[in-house]
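Same chain, two partners: chain A is paired with chain B first, then with chain C.
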Partner chain A sequence: MPLSLNYLAKRLLWSMLVVVGVAVLSYLIIVLSPGDPAVKWAGNPRGANASLAIELARKELGLQDPIYVQVPRFVVNVLTGNLGLSIFYKQPVFPVITSNLTSTLELLLITYLIAIPTGVLLGYFSAVRRGSRVDDFIQQLGVLLANTPTFWLGSALFLVLVTHEIPSSGRVDYVLAIETGFQSITGFYLLDSLVQGNLRVFLDVLVRLLPPALAISVYPMGLMIRVVRTLVTEVLLEDYIRVSVALGVKKRRILWTFTLRAVMPGVIQLSGIAFAYSLVDAMVVESVVFGRPGLGRLLIDALNSSDFRIAIGLIVVVTVFYLVVNTLADVVQALTDPRVRL
Partner chain B sequence: MGAGVNAQQTGGSPRGAGLLSSLLRRQVRGLKFGAGLTVVLVMLALSLTCDFIAPYPEEGRGIAPPDARDRILLPPSTDHLFGTDSMGRDLFSRVVMGTRSALMQILIVISASLAVGLFVAVLSAYFRGVVEMVVSYLTELFMSVPAIVLALAFAIAVGRGLITVISSLVITWWSWYARITHIYARGVVEMDYVTLSRLSGLSPLKIVWRHVLRNVYPPVLVQAITDMGSVLLEATAINFLSLGVPINSPEWGVIMYEGKDVLVTAPWVTIFPGLFLLVTALGFSLLGDSLRESLDPRLRRKWRLWF
Partner chain C sequence: MNRRLTLALVVLALVVGLTVFTWMRQLGEPGERLRVVVYAYNDVITGIDPSLEDDTGLVVLGVVYEPLLYYNPVTGIFKPALALSWSSNGDGTEWVFKLRENVVFHDGTKFNATAVKVSVERAMNIYRETGRGLGYVWDSVEEVVVVDEYTVKFKLFYPQRLDIMASACYAGYVFSPSVLERSGANSYTDRKLEEWFNLGNAAGTGPYMLESYSSESEVRLRKFERWWGWSEVNNPRAPDVVIVKILTEPQAQYNSLLSGVIDIATSVPRANIPNLISRGFRTYNLTTYHNYLLFFNVKRHPTSLEDFRKAVLHTIDLDEAVSVAMGGYALKGSGVLPHGFPGFVEGLTYKPNLTWAREYLMSSGVETPVRIQLLYQVDYEETRKFAELVQSRLRSLGVEVELYPATWTQLKDIARSVWEDPEDTPHIIIADWWPTMASPYDYLYAMFHSESKEWNFAGYENPAFDELIEEAYELEGSDYEHAMQLYREAQQEIFDKAVAINLWDEVKPFIYSKRIYIPPEAMNPLYMYVIRFEVVSVEGT
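On to the complex of A and B.
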C-alpha cells in the first residue's frame, strides 16, 4: 500500500485543527467587529420583540462569560453542528445547508463531466502538436477560458436561452414534476428521475443544468489545458518513452496508453484543487443568474436577512468540503501513482 | 518514423518550416507580452484620466441628474456609446470610471497580501520550530476559506463597503504567497552565506531582510502579477453579489449587479463591464505568463519528440 495509516491520521488531525481555526475565526469576526455581538447574532432585529430577541441571543452566546470560556464553547457548538436556529429559515442551520448542498453538488458534478475530458484532451493535443499553430491556438484559448468571469458568461448564456425561449431558470419545471409524479429522494434530481424511469423530468433537469455548468466549467477547463500540456510534455521527455520508441512500440500506444497513464495522477490532483474553487463559482452563478436553489441562494438569503448563523454554517461547510476534496484527491493520487507514497 | 531520426526537428513541424515556425513562435511570445503590457498600460491610463475621458463624469460616479429619467435604458448610440443604465446614467462613463476602482482593488489586495505573505514565510523559514509550525497552520487555515464566504461574514458583521472586499481578499490571499515563498526560502536559508552572516553576528531581521528576502522575491512577484487578474475577478464577483462596494458605485461588479434585473431588456448594461473585466484580467494574465517564461529557463528549453 502506498498509503500509510499514519499519514491519514495526521491528515485527519490537521484538518480538524483547520476546522477549529475556522470556527474561532468566525467567532472572532462577530465579537471583535464594532457593535453589539448580541444584536448581530440576533440578525439586527427591529420591531416590538427586538429587545427580547437580543436578550435571547446574548444568553445563547453567553457573552457574560470571559472570552476564554466563550470561544471553546462556541467551537464545540460548531463541531457538534449546534448553531441554533437560522434567523431567515427558522430551522436548524446545518440541515438547511445540507438540503441545499445536493443542488450545488449536482451542478458541480456535471461541470466536471464537461470540463475535465475537454480540458485533458485539448491539453493533450496541444502538447503532442507542440510548436504548431494548433498548439498556439489551444494555449490562447486556455488563457482566455481561465480569465473569463463566470457570472458574466452565465448571464450571456442565460440571455441567449431566454431570448430563444428555452427553459433555463430553476432546477426543474415544477408543473411537469407534479404531473409525472416525480419525487426527490436523494436530492440529486438527475439520479432520482433516472431511477424512477422518468425520462421527461430527467431531460428537463439536464437542460437546466447544462448552461450554468458550462459557465462554471471555463475556469477548470482553462486550468486543465495548461497543466495537462506541461505534464504531457514532461512525460514525453522521459527515458522510458525514448526506449519504447527505440523498441518500436507503436506511436499510438505510446501516446494513448503510456503517456495517459502517467499523466492521470496529476490530473486527479488538479481536479481536486479546482473542484473546491468551482464550488465558489457555483455559489456566485447558480442563484443570482440562474435562479437555482443551492448554497448560492443561502448566501443571498443570509445577506438580506443579516443571518450570521447561516454565514458561519456556510464558512464551515465550504471549508470542510475543501479539506475533504483535497484529501480525497491526494489519496486517489497516491493510489494511482506508484511514485507517490503518503 | 524511426527513433531519433528527426531529433533535430523542433516541435513536430516539417523541417523546412522549422525556422519560420520558430520565428512565429517567438513572435507569439512577444505578442503575448506586448498585448498584456498594452492592456495594463491602457487601463492604467484610463484610471488616471477617466475624469476627462468620461463624457458625463458626474453620472460616471453614480449620481443621476434630474433629467436622467427621460433616458432610461437607451441602447448604445453616438450620444451614449454603451447606452444608459436603469437610472438613465451614461454607461460608458460608469464603465470607464470603473477602471479606477478595479486597479485600486487589485493594487491594495496584491501588495498587502504580498507583503504579509513574503514577510511571514521568510521569518518562518529562518526561525523554524514553533514559528514554522504556527505559520504553516495559519497558511493552511486561510487557504481553506474562500474569500466570498468570508466577505459574507464581514458584510453581515461589519457592513458592506470597500473594506469588506479588500479585507476578505487579503486575509485569504496572503496564504498563497506564504506557501510559495516558504518553499523558496527553505532553500535559501540553508545556503552558506546565510550561515556565515549569522556567524558574523548580523541580527536575524537584517539577515532575513538583506539576504533571504531579496533572493526569494522575484518568482513570487511574477506570480503576484499573474494573480492580479484572478484578484480582480474575485473582487468583482464579491461586488456582483452586493457583498462589497455599495450600490451606484462605479465598479464593474456593481454595474453588472444592477444590470442583471434588466438583463433581457438591456443586455448592454451587463455585457460592457464584463468585457472590460475580461480584457483586464486577460492582460494581467498574459503579462505574468510571459514574465514567468523569461524568468524560468526550463520553459524555454528546446523540445524534441522522439518520433
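On to the complex of A and C.
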C-alpha cells in the first residue's frame, strides 16, 4: 500500500495547523488595521444616538474584548464553521462564500479541461519530435503562453467577441434563463442546466465560460508544455524504454502507455501547484473583464468594508481548498507512481 | 475491426446529434415572452430591512415598498403614495393621513392603518432604544394612533413638517404586519425579524416583489400584478422582471453593456461615455443630491487657523476640479447643501485667487514650506484625482500635501478620530454625503453639530451654530420659510469660518440600451439609484 494512515493523519494535522495559522494572522491583520467593523454592523448610524449604536455593535461583535480573548474565540468559530452573519451583507457567511466559490470553481474546471490535456499533448509531441521545427514551434508557444498577461488576453478576447456580437459576459443570459425556467441548485450552472435538461442554458453558460477560461488557461498550459516536454524527454532516455524498443515492443505502446504513465505523476503534481496561480488569475479576470461573480470581487469588497467575517471565511475556504487539492495531488501521485510511498 | 468501430462511432454521433438538435428545437420555443430589464448597480446590497436599511438596499426597497407620500424637493410638490390625503392642525403638532383602500401587500394581506403604525413604530423604537437605523426621521413623533382602518393620526412632541418626513424612503416604508408571524419573531423590534428581512424576505406593497435575493451578485424582482398603481401609470410596456445585477467595477459595467448582458449602467468609466453614445446607447444625466465635501480638521495646526483655511480654499479652482475629477459630470458646489435642495444658497464659493491666498497665508502666520495631510477615499476615482489636483495647486503656495488614501470604513474611522486624537487626524478630509430626508437639518446636524461625533469630521464646535439649526428644525413645522432662512444663515457661518465647503454635486449619467425608455419621472434626485421601473418602457425580448 503506497499510502499510510500515519501519513494522512500527519498531513491532516499539519493542514489544520495551517488553517489555524491563516485564520489567526488574517484576523490580526484585518481587525487591527484602521476601519471599525462596528460602524458598518451598526448600519453607519447618522442620528444623535449614533455613538450608542456603534458601542452596542462593538459589543455584539465582541470587539470590546482584549485581542487575546477575541483571537481564540474567532478560531474556534472558524473551526466549527460558525462565522455568523456577514457584517456587510447581513447574510450568513458561508452561503455568500459558496455562491461565489462555485462560480469561480466552474470557471477553473473549464480552464483545466482546456489547459491540461492541451498542454500535455503539445509537450508530449514536442518531446517526441525533439529537434524538429514542430518542437521549436511548440517550445516557443509554451514560453509565449506562460508569459502572456491574463488580464490583457482576457480584455483582447472580450473586445473581439463583442465586435462579433458573441456573448461573453456574465454567467448566463438572464432572459433565456427566466424564459426556460432555469434554476440554480448547486451553483454550478453547467451541472444544473444539464440536470434540468435545459440544453440552451447549458450551451449559453458554456459559451460564456470559454473566453475567460481560455484567458486563464494560458499560464498552466504554457507551464505544462514546458514541463511535460522535459519529463517525456527524460523518460524516453530511460533504460527500460531502450530495452522495450530492443525487445520489439510496439512504438505506439511505448509512447502512449509507458511514457505517458511515467509522466502522469509529474503532471498531477504540477496541476496542483498551478491551481493557486490560476485561482488568482480567475479572481482578477472574472469580475473586472467578464462581469462574472466570483471570489476576487467578494474579497475586495469584504476588505474595503472591514467585513472580517467574510474576508477571513474566504481566506480560510481558499486555504482549505488549496490544501485539499495539493493533498489529493500527492495521494494520486502515490497511487500512480510506484516509486512514491507516503 | 477498426472499420466496424468507426461505423459504430459514426452511427452513435448521428444519433446523439439528432437527439440534441430535436431537443434544442423544442427548447427554442419558450413558453412566454417577458420584458426583462437588467439594471447594473455599482455597489453590493447592504440589507433590505425596510425599517433599518440605511445604505445601498434602497435600490431594492424603493420598488418593493412604498412610503405614505412622495416628495419632489425641486418643485416642492407632494404626490400621494399610500396616503391619499393629509392635513395638520394649526401648529403642526398633529397630522392625519387618509390612506388608500384596496391596497394589498405582496403576501396577499390587506394594507391598513395598523400597518402604518407598526412600520413607523418599528423604525422609531429601534432607533430610540439602540441608535440603529435612520428612525430619527420620526424624532418628533410622540404617538401613532389608528383612528379607523384607513386613517392614521400622528401626535408630535413639537411642530414638524411630517409630510416631508412621511416621504422619507429611509425608515419610512410600510411593511405588512404579517411579517411577525412569518419570521417567527417575538416582537417587531426582535433582531430575528431583521435577520428574516435580510435573508431575502419582503412584504411590501410596491409595483415589484422580491423573487430572489443575493446581496453580492443579483436581486430578481417580478411585477406585482395587484399593485394599486398600474391603472394610474398606464404603462403596458413596463418590465415584467427587473434584475438588479451587482457590478462594482465600472469597466465590468461597460463590458457588460457592450455585450448586451445589462440594459442600464450606473457607473461606466466617464471617458467611455462618448463611445457608448456613438454605438447608439442612450444617456440620462441626473443631477443628484449626492455631494462631495472638503472638511478641515479645525482642531489641528495649521488648519485650526481660519486664515490658513481660507488660503487653501482660494487656491482651489472648483471649475477645474469638476472638470478634472468628475469629467464635467457635476455642478460646482456652493455652501453645504446641493443645488435644488431646500435651503440651498447660491454663491457661497471661494474664488480661486493666488494673490488673496498668499495674503491669507501671510496673515495666518504659517511659515512655508509647511506640510499637511489630506485623507480621501481610495476607491473613488474622482476623490483621488481631486486629491492630486489639490496637492499640485497647493505646492504653488508652499504647502506640501501628503496624500492619505483609505477605504471608506478606514476613512470614517480615521476622520472621526478628530474628536479624540486631532493631532493624528489628517488636516483635510474629503467625504461624500447624500440625504436621508428632504431637510437641510439632515446635512447640517450630521456634519457640523457638536454632538454629532460620528460624522462631524471637522471637529467643529459652535453652540450658536447648534442652536441655530435646532431652532430651524423645530420651525420647519410652523414657519417653513423662516426655517430655511436660518439654515441659509447656518451655511453662511460654515462658509465664513471656512470650516468646510461643498466641492460639487454629482451629475449621474445613466447609460441604457435602445430597447429601454426611461422617462424623467422614473428618476429621483433624492435617492439617485432608485428607478421607478413601473414607468420605464421596454421593448419585447
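The rule is short, and it goes like this: the second predicted complex is superposed on the first by the 299 of 342 C-alpha atoms of A that agree within 3 Å, B and C clash if a C-alpha of one lies under 4 Å from a C-alpha of the other, contacts with A are read in each partner's own complex, and residues count from 1 in each chain.
Keep this in mind: a contact is a pair of C-beta atoms (placed from the backbone, for glycine too) under 8 Å apart; a residue touches a chain by one contact, two chains touch by 3 or more.
Nothing here was measured: the structure is a model prediction, and the numbers come from that model.
When the shared chain is aligned, chain B comes close enough to touch A:V18, but chain C does not.
In the superposition on chain A, no contact is made by A:V205 with either chain B or chain C. By the touch criterion defined above, A:P34 reaches both chain B and chain C. Once the two complexes are laid over each other on the shared chain, residue contacts for A:I116 go to neither chain B nor chain C. Within the superposed three-chain model, A:L303 lies in touch with chain B and with chain C [touch as defined at top].
Judged by the touch definition given at the top, the superposed model places A:R130 against chain B, while chain C stays out of reach. Using the contact criterion defined above for the overlaid structures, shared-chain residue A:L161 touches chain C, although it does not reach chain B.
Residues 33-35, 40, 158, 162, 288-289, 303, 306 of chain A are contacted both by chain B in one complex and by chain C in the other. Contact residues on chain B toward chain A in their complex (touch as defined above): 1, 3-4, 10-13, 21-22, 25, 28, 137-138, 140-141, 144-150, 152-158, 229, 233, 236-237, 240-243, 256, 259-260, 263-264, 267, 270-271, 274, 277-278, 281-282, 285-286, 289, 303, 305-307.
For chain A in complex with chain C, the residues that touch the partner chain are 33-37, 39-40, 42-54, 56-57, 85, 88-92, 96, 99-100, 158, 161-162, 165, 167-170, 173-175, 178-180, 197-200, 203, 287-291, 293, 297-298, 301, 303-306.
Across the complex, chain C meets chain A through its residues 20, 23-24, 27-28, 30-34, 36, 38, 44-47, 49, 52-55, 127-128, 130-136, 139, 194-195, 198-200, 214-218, 241, 243, 245-249, 251-253, 255-256, 258-262, 379, 406-410, 412-414, 436, 442, 445-446, 451-455, 541. Across the interface of their complex, chain B is touched by residues 14, 17-18, 21-22, 25-26, 29-30, 33-35, 40, 128-132, 135-136, 143-144, 146-152, 155-156, 158-159, 162-163, 233, 236-237, 241-242, 245-246, 251, 254, 276-277, 279-281, 283-284, 288-289, 299-300, 302-303, 306-308, 311-312, 314-315, 318-319, 322-323 of chain A.
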